[in-house]
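The following pair of complexes shares a single chain, chain A, combined with chain B in the former and chain C in the latter.
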Partner chain A sequence: MTAAAPALRQTAALAWRSIITTIRLPQAWFPALFFPLVLMAIFTASFGGAPGAVPGFPPVRGFLDFAVCGAVIQGVLIAGTSAGAAFATDIEGGFFDRLVASPTSRVAILTGRLGASMALGAFQAVLFIGIAWAFGARVQAGIAGFAIVLVIAVLFAAAVGGLGVYLALRTGSGEAVQGMFPLFFALLFFSSAFFPLETMTGWYAAVAAANPITYLVEAMRLEVIGGATPGTALAGIGIALGLAVITIGASALALRRRLRVAA
Partner chain B sequence: MRVISVSLGLAGRNLLLVRRVPSVFIPSLVMPLFILIATAGAFHGIGALPQFAGESYLAFTIPMAAVMGAGFAGINSGMTLARDLEGGFFDRLQSSPAPRLALVLGPMLAAQARSLVTTVVVLLAGMVGGVMPPGIAPTLVIFAFALLFAAAASFWAIGVALRTRTIQAAPIMQLAVFLSVFMSVAYVPQDALTGWLATIARYNPVTYILDAARSAELTGTVIWSETWPGLVAAAALVILLGAFAMVPLRGLGSR
Partner chain C sequence: MTAPAVETHDLVREYKGGVRAVDGVTLRVGSGGIFGFLGPNGAGKSTTVRMLTTLLRPTAGTARVAGHDVQEDPDAVRRRIGVALQDAAIDPYMTGRELLRLQGVLHGLPRADCRARADDLLGRVGLEDAADRRVGTYSGGMRRRLDLALSLVHEPVVLFLDEPTTGLDPTSRVALWEEVRRLNREHGTTIFLTTQYLEEADQLADRVAIIDGGRIVADGSPAALKAGIGDPLLTVTAAEGSSPDDIARVLARFGRVVPGSVSGGAGVRLPGGSAAMADAVRALDEAGVQFQAIDLAEPTLDDVFLACTGRHLEGAGEAPLPA
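Up next is the complex of A and B:
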């Protein structure tokens, strides 16, 4: 048996534990599903007149088609924050210390949590696009386009999960991690997640144009509304992957630091 | 008379907490500012719809942000009261000769005082963005609606706090205020709304409050025919939610 096998088994077990604890705590999953869907519904009903009437609005079948990817990204952000807070609760409550004291692979402590975030991200993407589909939205790029949306959502979930784990390891406080959420939410609004970049003006447009979330959402959105190319898909995957590498790398360093302090 | 002096005393204590526990007040100051900037910035383009008749979307958003700020000021009072209920201060008040009514009116007045601050902040931010306040009388109308909505929201939050007796109920207080504003004409006028929201917004009292405050902001005058529906809606909310907050007071002694 190779050395990787137990790490994989432990990753699966810890990921499953994270998923179970998320399902059992309504305050962990309810906001991540409720808020993006309610905002998507409110924005769609409020801005239904925008496509075709607002200069710069991309050609689209309806506002719901435009809005669904922003909802997925928002849901992943909320879920990732809760996951980080849950990890911090493990640190506060001593579960983390017991894991460290056991012969659990150090890698599995990270990958277990990240695996759960990625699984939940995939679930959110499928659920939100399914709901939008039921209300008339269509993915123009078909199954392949849907797969690309899913890949970007899962990679972004890994990136946000990594950020949550990093913050949990550095602060060790669930409240502190949850307290960072308004900042992420602001980051989302200062992007083209809810409305096209082409319709923004002045400094707001400049901020949104510099925000990586803008390009992430647009890569997903082009698959839904049409106009995607292999280049746009690769750019979206690349940005999500880059963010994931940064945050997971940072969380790995933070884990090493915490283990060294503990030892 | 004692009701007034005790209410003012409790409101003063509530406002002191603003200085002592900044983690409660700062978000309620930042949120309306964020809502103003994010809404006016992200959805700037929607102002091109014919229903806006060429009005600035920032000016259109200012009354909504002011009302939302007042809503947060109200939620704040409910959260402070929930803390007092958890921490035992409320029990001591109850065993004191303080009039029961003051236990609700005090936090409500504190919410109104805070809503004056958030409205000033929103109007100042609008000026930074190039939208001057609309003149003395219409500006006073905007402040009046902020005061009324702060009273309504605080009564709601206080009623929830008195029933649940825990700070854990804060999301219930916030969610109702959020949804009541967003499921109205928060982002576009009524005739631009489509589907389910067009129906809900028509029956949502917040729609009439926003329309009245917007009429003051955008026309620069106080047009009575566009103001009174908002006043009626706000008064109805204050009375109904005031009753919601005061009913639990009767059962206090028996707990």
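Up next is the complex of A and C:
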């Protein structure tokens, strides 16, 4: 057995625990599924008739096709905040101590939680696109396009999960992590998650144009509404990957710091 | 030869602002016994346990647990210890069985062993019927028993129990004591137990160290510590027609009078114990001194604590008694 095998098994077991405790706690999963879908429905009902009539709107079959990727990203953001809060609760409640006082791999403590976030992100992407599909939306780039949307969603879930875990390790408080949520939400609204960049003006457009989430959503959306190129796909994957590397790297340092100060 | 279960030398933990929660603790706990670490809230018990279980780095000094240094080889320590910390860290949304199996995986047990171990431990702590219920529905006593089972999944050599019965009702407390004794007797697991309850240390531990203000103030078997305090205390309360002084005069023949030991009577340290008590009663009768109540009290660990710190343990942390 290689040295990595126990860590992999511990990661799987801890990810499984994170997933089942999320499923069993409705307040952990309900907002992450319900709010993005409601927002998607409201936007679609409000603007659904005439996206083409708004200047700057890309050619699109219907607003639902346009909105579904924003909903996935929003759902992943909400789920990541819950994951961070749950990790902080583990620290507050002592589960973290139980892990640290056992020979559990320190890497698995992080990868277990992040693995669960990635699995839940994939589930959200499949569910949301499936629902949009049932209401008539179609992925123009086909199966390959859907796969790219899924990859970006999963990488972004890892990035947000990493941020949540980082905040949990630095604050050690579930409430503090949950309290960061409005900030994440602002980040989402100052992006092209719900409306195209071309419809925005002034400073708002400038902020959205500088927001990495804009390009991430754009890359996913082009796969759905058509117009994606290998370049846009790679940019989206690259940005999601870059964000994941930054936040997971930061959370790994925060874990080391916490263990060094404490243990 | 087995290494001592716990061996510390001048262990210190200083928190921000220079507060020394643990201030030079030197301990040697042999393998195979039940060791009681007794002290009031805030005395440094939990901080010591956190250092011994690799959760907290000592500011100074050394500690070896199950033969391994907690700082140089923490993973070797972690493989050999079981830890049940204060406020059982138990996931309310998982079942007892799920948590036990997860703990098995975290300790690297093969899958089949995880299942078998979980079933075995659930039986041992009497949680078979609740095994598939979420822990959120468990009572406080059930949680502690599950916590105990979780700390035993990998058959540790040394088990750390940090205030295992705090907040439990008397029945659950006694049941947990019984489980701890059985574990020590049948599996030879060394138990390092912290408690703020005198009775718990007295009932369970074959050796007790008393900690106060981060320092060890007494260390020995409960019997030896109590014997060090002195002889049992005989107190006699005067009845109508006699005075405390009359009683004191008679009792002084049998031992050293302890002023203020009982109101409306007198007390004396009685070297002869219960055998001498009969003589004392006869002497009171012969002297014609009327009395209404008589009591012989063995020294308690509270007397030990009082002698060492000038305070009673129960409710310690309040102002010291006037000397």
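Just so we're on the same page, the second predicted complex is superposed on the first by the 261 of 263 C-alpha atoms of A that agree within 3 Å, B and C clash if a C-alpha of one lies under 4 Å from a C-alpha of the other, contacts with A are read in each partner's own complex, and residues count from 1 in each chain.
Operating definition for what follows: a residue touches a chain if its C-beta (ideal position, glycine included) is under 8 Å from a C-beta of that chain, and two chains touch if they have at least 3 such contacts.
Quick caveat, the model's predicted, so the values are computed rather than measured.
Peer 1: Applying the touch criterion given at the start, work out whether A:Thr201 contacts chain B, chain C, both or neither, answering first, second, both or neither.
Peer 2: first
Peer 1: Where does A:Val38 make contact in the superposed view: on chain B (first), on chain C (second), on both, or on neither?
Peer 2: Only chain B; A:Val38 stays clear of chain C.
Peer 1: Which partner does A:Asp97 reach: the first (chain B), the second (chain C), both, or neither?
Peer 2: Only chain C; A:Asp97 stays clear of chain B.
Peer 1: Touching A:Thr21 in the superposition: chain B (first), chain C (second), both, neither?
Peer 2: In the superposition, A:Thr21 contacts chain C only.
Peer 1: Name the contact category of A:Arg9: first (chain B only), second (chain C only), both, or neither.
Peer 2: second
Peer 1: Hey, which residues of chain C end up touching chain A in the complex?
Peer 2: Per the stated touch rule, the residues are 53-57, 74-75, 78-79, 81, 83, 85, 87-91, 93-94, 98, 102-103, 105-108, 134, 150.
Peer 1: Provide the residue numbers of chain A that touch chain C in the complex, in ascending order.
Peer 2: 6, 9-10, 13-14, 17, 20-21, 24-25, 93-104, 260-263
Peer 1: Across the complex, what residues on chain B touch chain A?
Peer 2: On the chain B side, the touching residues are 27, 30, 34, 37-38, 41-46, 48-51, 171, 179, 182-183, 186-188, 192-198.
Peer 1: What does chain A use to touch chain B in their complex?
Peer 2: Contacts found on chain A: 27, 38-39, 41-50, 53-57, 182, 186, 189-190, 194-196, 198-201, 204, 208.
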